[in-house]
Structure formats: C-alpha cells, structure tokens
Amino acid sequence: MSDAYSAADRTRGWGVLAATCIIAVLPLVFRDSYWRTNLIVCALNVMLAIGLDFVVGYAGQLNLGQSAFYGIGAYVSTLLIMRLGLPFWPAFVCGVVASAVSGMALSLFAVRLRGHYLAIASLGFAVITYQVLLNWISLTQGPLGIYGIAPPPPFGLPGWQIDFTDLANLFYLVAGFALLSYVLLDQLVRSPIGGTLTAIREDEVSAASLGINARLWKVFAFAVGAAIAGGAGCFYAGFVGTLVPDAFFITESFNILAMVIVGGMGTLSGPVFGAILLTVLPEFLRGIGDLRLIVYGLALTLVVLFMPGGIAQALRLARQRLMRSSPRQPSGAKP
Amino acid sequence: MSDAPAIFRAHGLSKNFGGVRAVKDVSLVVAPATVFAIIGPNGAGKSTLLNLISGVHPPDAGTVMFDSFDVTGLPPHARVRHGLARTFQKIRLFKQLSVIDNVVAGFHARHSIPAWQYVWHGSAFRADRARCRAEATELLAFVGLSGRAQALAGALSYGEQRMLEIARALATAPRLLLIDEPAAGLNAAEVEALLERIRVLRERGMTVLVVEHNMDLVMNVADRVLVMDYGEPLFEGTPAEVQVHPGVIAAYLGAEP
Amino acid sequence: MLTVALQQGINGLVLGSLYVLVALGLTLIYGVLVQINFAHADIVTLGAFAAYFFTHALGGGYLPSIALALLVGAGLGFLINAAVFAPLRERGNELLPLIATIGVSVMLENVMLAWFGPIPYAFDSPYSDEVIRFGGMFFTVQSVLIIAVSTAAIGLLYAFMKFTFLGKALRAVAQDRETAGLMGINPNRVIMLTFVIASALAGMGGAMLGPVLVLTPFAGASVIVKAFAIVIIGGFGNVEGTIIAGLIVGLIESYTTQVLGPGLIDIVVFALLLLMLAVRPTGLIAERREENV
C-alpha cells in the first residue's frame, strides 16, 4: 500500500521538475514580446483556473464569481500602491487577503444555497462588484481606468537585479507563482482535506454524518480559490499597466469556467491544460477575425455534451486504449 | 442491563412537517452495549425520529442527551465528536470515490496532523495516512468487502453498498451507531451476515440503535424494542413482550402475512 | 406631485411587464426541467436584433417585427433544447446543462459581437414619438403598445396553463415527470413545447425592449440579471409570483432611476436578490419544504 503512495509522490516530484524546466525554457524559445505577453496571460489564466477548480471541481460549488476576486485583488493592490504609496509586495499580500476575505464572505452568505441558487448568487456578487468598480468613480476612476501602473519593483542586490519590465523575467515571476499555487493546491488535495471536499461535493448530508462541517470547508475552499485569483489580479495590474473595470466583467468568469471544464473539472492538472489551450487557441485563429473568441463558448458546449471530463478524461481514455493494445498486458492485472 | 448508566436518552421528542405530525412525544433510554430496535409500520415516524436523534432536523420539542451531554441543539457534524454515527435509509455513499476512500472519509474527525503538514507532507502526515489505510482495510474486512477496496463505490451491489455504508460509519469510531432500515433490499444471506455483524459490534461494547420495518429480523438481535405507530410510541419492551402485546399485534403484526 | 409619482408608476409597470415576459420564460423552463437556460438572455438580444434589422434594414413594420422576433425566439428555443438539454437529460448531473448553456451563451454573444460589433445600435420605434396625454400625464404609444402586447401574451399564457389540456400537461410534467409519463403525456414533447413558448416570449420581449435598452450584443445580459432576481423573488417555477415580482422590480427601477443611475439600479436589484436568497430562497410565495433524508 505505501508503495503506491511513494510511487505517486515520486511521479509528482518529476512532474513539478518537468514543469519547472519547461517554464525556464519557454521565454528562450519565444523571444518576441507578442508571444511572451501570451505566455504571461497563460500563467495568469492557469492561476485563475486552478483556483476555480478547487472550488468547483473539488468542493463541488458552482462559483461564477471568480472574475470579482480577480478584480478585487487587482484594484486593492493597485490603489494601495498608487494612493497610499505602499510597496508592491505588501500591497500584493493585501490584495490576496482582500480577495480571500471576499471569497469567505460570499461563501458564508451563500452557505445554505445549492446548485443553481449558488450559481446565481455568485453571479450576483460578480455583477455587484463590477458595478461598484464601474460606478465608484472617486475611488476607481470608473470606466476611465487607472493608468501608469508599474510592474513589480526590481528584485535582488545592487549590481545584480532582476528587472520586471523585461517580459521574460515577469513571466518567470508569474509562472513561478502559478507553479507554487499548483503545488499548494495539489498538496491540499492529496491530504485528507481533498477527501473532505470531495465528500461535501458528492453528498453533503452523509458528509455531515461523518463529522464534516460542510460550511467551514466550503468557506475554506472559497477563500483559497479567491486568494489565488486575487494574487493573479495583483500581477495582472502590473503586467498590463492599466486597470479598467471591463477586464473583470462577468464574461471573464465564464471564460475561466470554460478553462476548468474543458481541461477537466476536479483534476487540477486538467485546468492547467484548459487554461493554456483556451488562451493560445484564439491566437492561432486570428485569421477568422473577431469570431475567434467563439472558441470559449464552443469548446465549453462541446466538452459538456461529448466529453464532460474534458482533456483529462480524453488523456485517460487514450492511455487506457494504449495499455489495452499492449501485448505484454497480463490477464488479471492488479488495479 | 438496567443497572448500567444509559448512554443515550431522548425525552419528549416531537416534530411537525407543515401540519403533519411526524413524531409526537417520543422518549427512550438506551443502555450501553445493547441493541435497541425501533419498529413500526410505514409512516410510523421511525426515520424522522432517527433524523431528530442524529440532528438532521431540529425537534419542535424535546431533548436528546448523549451520556451527560445535551446534544439537542448541535448540528449533525458536531454530534459525531460525541460518538454518534449513522447510516441512511436511502444509501448515501460517495459514488465517485473508491470503496476504500469512502471509508477513509470517515476518519475526518480523527486525524492527528499538525496544520502545516497539510501543505508540507511531513512524517506525521505519512504516519496518519498509513494508519488510516490500515484501519480502513480492517473495517472492509469486517464487513466482508476486502477484495473490493479499489472498486468504485457506485459499482457495488446493493447489499455491498449497505455494508460499505456501515464500514464508513464505523470509521468515525462511534459509541452509538444508528442504522436506518438496513435490511431493506437485502436477501436472506445478506440479512444474516448483517445481523451477525451487529452482534459482534455489541460484543465489542458498541451500542446500536436500529430502525427496521421488518419485525422478524429485529426479534433475533434486539435487546429492547420500541414500537411506534402514527408518530407516537405504542409500546416498549423486550422482543418477547412485544410479540405478545395485543396493541402491537393489532396495529402491526396483524397486517403481516 | 401625485401625477409625477403616478406617471413613474405607470412607466414602472411598462418596464416591469417586459421583465415579466423575459422572466416567465426562465421560470417556465425551470418549472418543467429544474434547469436554468443561461442562453435565455441571448434569445432576448437576438429577438431585439431581428426586430431591428427587419424594421431598419428591410423597412418592415414594427408590429410585424415583434412577430418575427417571436418566431426567432421560438426557433432558438427549439434548437437549444434539441441540441443541449435533450441529450443531457439522461446524464442525471443537474449542473452540466447549466454549464452547457453558459457555453452556448458565450458563443452566441461572441458571434453577435463579430457580426454586429460592440457599438450600440439606435433602435427607434415609430411609436416612440407619438404621445398621448391623459390626465396631465404623457404616454408614448410605444408604452401603450408594450402594455397591450405584454398583457395579452401573459394573459394568453395564463389561460393556456389553466384551461387547456396542453397547459395542464405542462403543469403535470412540472410536478412529477414520471407520473405524467405514466398517464400518457409525452414529457419530452411537453418540455420542447415549454422551451418554444418560453423562448418565444423572450424574443418578443427583446423586440419591445430594443428601443428601451442600449442595443449591443450584451443587451440581453443586462436584462437577464434582473430576470434572475425576479424569478428568485417570485419563486422558481411559480408563474404568479414571477408576474408580481417582475412588476415590482419594474416599479423599483422606475422610481429609483431618477435618484440613482442605471448601474446603481443593478446593484440595488441584485442586493435585493442576494437578500432574498439569504432569507427565503424559495421565493416570496412558494412554501418551504423540508426534505426527509
């Protein structure tokens, strides 16, 4: 039994190492700023998607408010930097905390709601947040937006510094945080907390009969998912340099959900692929003009209809088919 | 048996559902390491009573005492820490999880892992994981599901699912186990295996509260029986007393073929 | 003073009746399927665009354009049910259809963005300019038209549900699909009929909302959030509740629009929705049922 666990642990260790190598190499392969920009967007979307998967795929809560947490992180950190002169990293922490607290608030509020009602409540939260960002002009400058946001300050010792105006370095930073978020979530999921969340997802009543305080753990899941989105928001502001409420319209929530579902809900690695695919695919379709944004909706609909487990399910099926066609497969194989 | 302190007392429990009186003024006292059965025809309020005891519904009136603790106001998940576990009339397994993961889910309240080790899986984490795995395997052996540990819970037969639900409830290390209509849908051999398990649990010191519709099964294993009808207690006594009580026969046995 | 209040009240009823048209569709679908069609918003938008192009590009009459929008809505409802809800019915997962309709909605919105662009279209109804004076108050013929058409549609629907066989079949399927099937009612046909009616209402509502709203591909989205609020306040699946709630929301909007802007109205309505969800998720009128496990 313990062999199975250490084998799984080792596979994951190799996976993290491989991911680190890929991240290190990517900016060397893609040297133009157009593609480096896309890489950073990919990394941001990966963070948003895995954060949402923790809530939707593991805890089973259909949260349509991820765009709100993204925006709260971005605006809180930016306003603290530009209005109060806070340095970047303390502002980053504040942004993450603000998003986490918002996530907890939404979850506490919606704690008795199931399924459709929760979806609508979270959507309502996203709409209200967007309208507040849009209309509280004295605070956020509304649709005019906030300009001239600086990227994170240079890091390191005088004489040898990592400058984040260089897109490659910014990518390393964001992708590094994305990888860190992934590892954090993966560790949580493979601990008893993962089983607890899954129990809540499958059947809250019987989960309660096992001593699981569903309310507490749902709030926890929301807080973690929102915190990661908030962190992504802080990086987004410094990356784009401009902050407008429209970046956090409710369609953003739908797009992130699409990344989770297309990648494979409840697998954590699936949404990584989903995020990368749905970020990159529209770029390859630039030939068909504005119609390319249709990939989000089309992919989501087709996946739900024909392969609800997403890319993760497709990979699993492919692997099973490969193993079945292998001639060296013994007949009574142990699972 | 009556000298031993009661592990569980319910007093004056009542519950209305939108005008329908599901349970009215039910009281019971359960001694430790005994099997207490609640029987009655369909609609007698047995399952509602179980829901009141386990905390799924708050009672309109009455109290529930576990040892000396008043647990009446506690939500279901809080009662587990007092040693209460239950199964459900309609099987509520985690169908997408494997058989063994269902049982492991029951260890939720019993992990001894420092908070930071949930993120960084240190030695305490690994020790706890091994312990849970070993205990879960034992429980599966106890209910006769040893070979099925990796199967999906949804793939089990009905009888196997019932036993899995019991194993999962036992994983919480309860002192009082509530079983809701366990024999429904089981064949004769499965029922006998179930009764045998209940006897073994009693020998090991566990208290079992069984709600059952079928009287014959219960007569072979219960120490005391409460008969309910139309939400009210009709009679409480030993199985022998219940079998000859005229009121019970009129209300219930008379309908049996 | 009273005249102003009364005028705003009537404007609120006009607006509210349009919201009712849109919300009724949602509540009917939920009643029969226990599902939410997220693409409902886009049916409203497409109805508005269909009416717009019929009147402005093809020079058709306004009233016929409403009929056209109705048909467009009906057709879309048919397609969405056939392509998305019917195939997913056997799966049993209660949230997959909702997610699929989110996908459809995003798709439709991006298609509309590509075809129509993000710049708002000025949908002028010929009736918006003609004014009737009555007791010191001004009404556009458009408002009268809206009230007339909406009332007729809602009234017909109500009569249909209460008095015709099909209407009763619809209510039967909503209450207990299996038993209705056993009684000889084909639930799939009834569900399809429900979808067609619901979406036709939405299309019609879109045609009449076109002159009132900012007509972009996201026009429906701005209405749908209020429609959700209405359906939740009135109670999912509860027709009478939806009608009352819709009119109330219209009134609220009319009375507060002078004080707050349109964006803040959304906040007010949504705050009300969240309040409703916290306090009484089953709606104002529906009864609370406890579930025995």
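Which chain is which? They are A, B and C, in the order written, and residues in each are numbered from 1.
Here is the rule we go by: a residue touches a chain if its C-beta (ideal position, glycine included) is under 8 Å from a C-beta of that chain, and two chains touch if they have at least 3 such contacts.
On a predicted model such as this, the values are computed, not experimentally measured, just so you know.
Think of the whole protein's Cα atoms as having one middle point; the chain whose own Cα middle lies nearest to it is A.
Comparing the centres of all chains, each the average of its CA atoms, the largest separation from subunit C belongs to B.
Rounded to a whole number, the gap between the C-alpha centres of subunit A and subunit C is 33 angstrom.
Between the Cα centres of subunit B and subunit C there is a gap of 48 Å.
As a whole-number value, the distance joining the C-alpha centres of subunit A and subunit B reads 41 Å.
In subunit A, the residues that reach two or more other chains under the touch definition are 205. Residue numbers of subunit B whose C-beta contacts span two or more other chains: 56, 88, 92. Within subunit C, residues 293 each touch two or more of the remaining chains. Residue ranges on subunit A touching subunit B, taken from their complex, read 1-2, 5, 9, 184, 187-188, 190-193, 195-196, 198-199, 202-203, 205-214, 335.
Put simply, subunit A touches subunit C in their complex at residues 62, 109-110, 112-113, 115-117, 119-121, 123-125, 127-128, 131-132, 134-135, 205, 250-251, 254-255, 257-258, 261, 289-291, 293-294, 296-305, 308.
Contact residues of subunit C toward subunit A in the complex are 30, 35-36, 83-84, 87-88, 91, 93-96, 98-100, 102-111, 113-114, 221, 225, 228-229, 232, 236, 261, 263-264, 266-267, 270-271, 273-274, 277-278, 281, 293. On subunit B, the positions that touch subunit A within their shared complex are 54, 56, 75-78, 80-81, 85-86, 88, 92-97, 101, 104-109, 111, 113, 117-121, 125-126, 128-130, 132-134, 137, 150, 168-169, 171-172.
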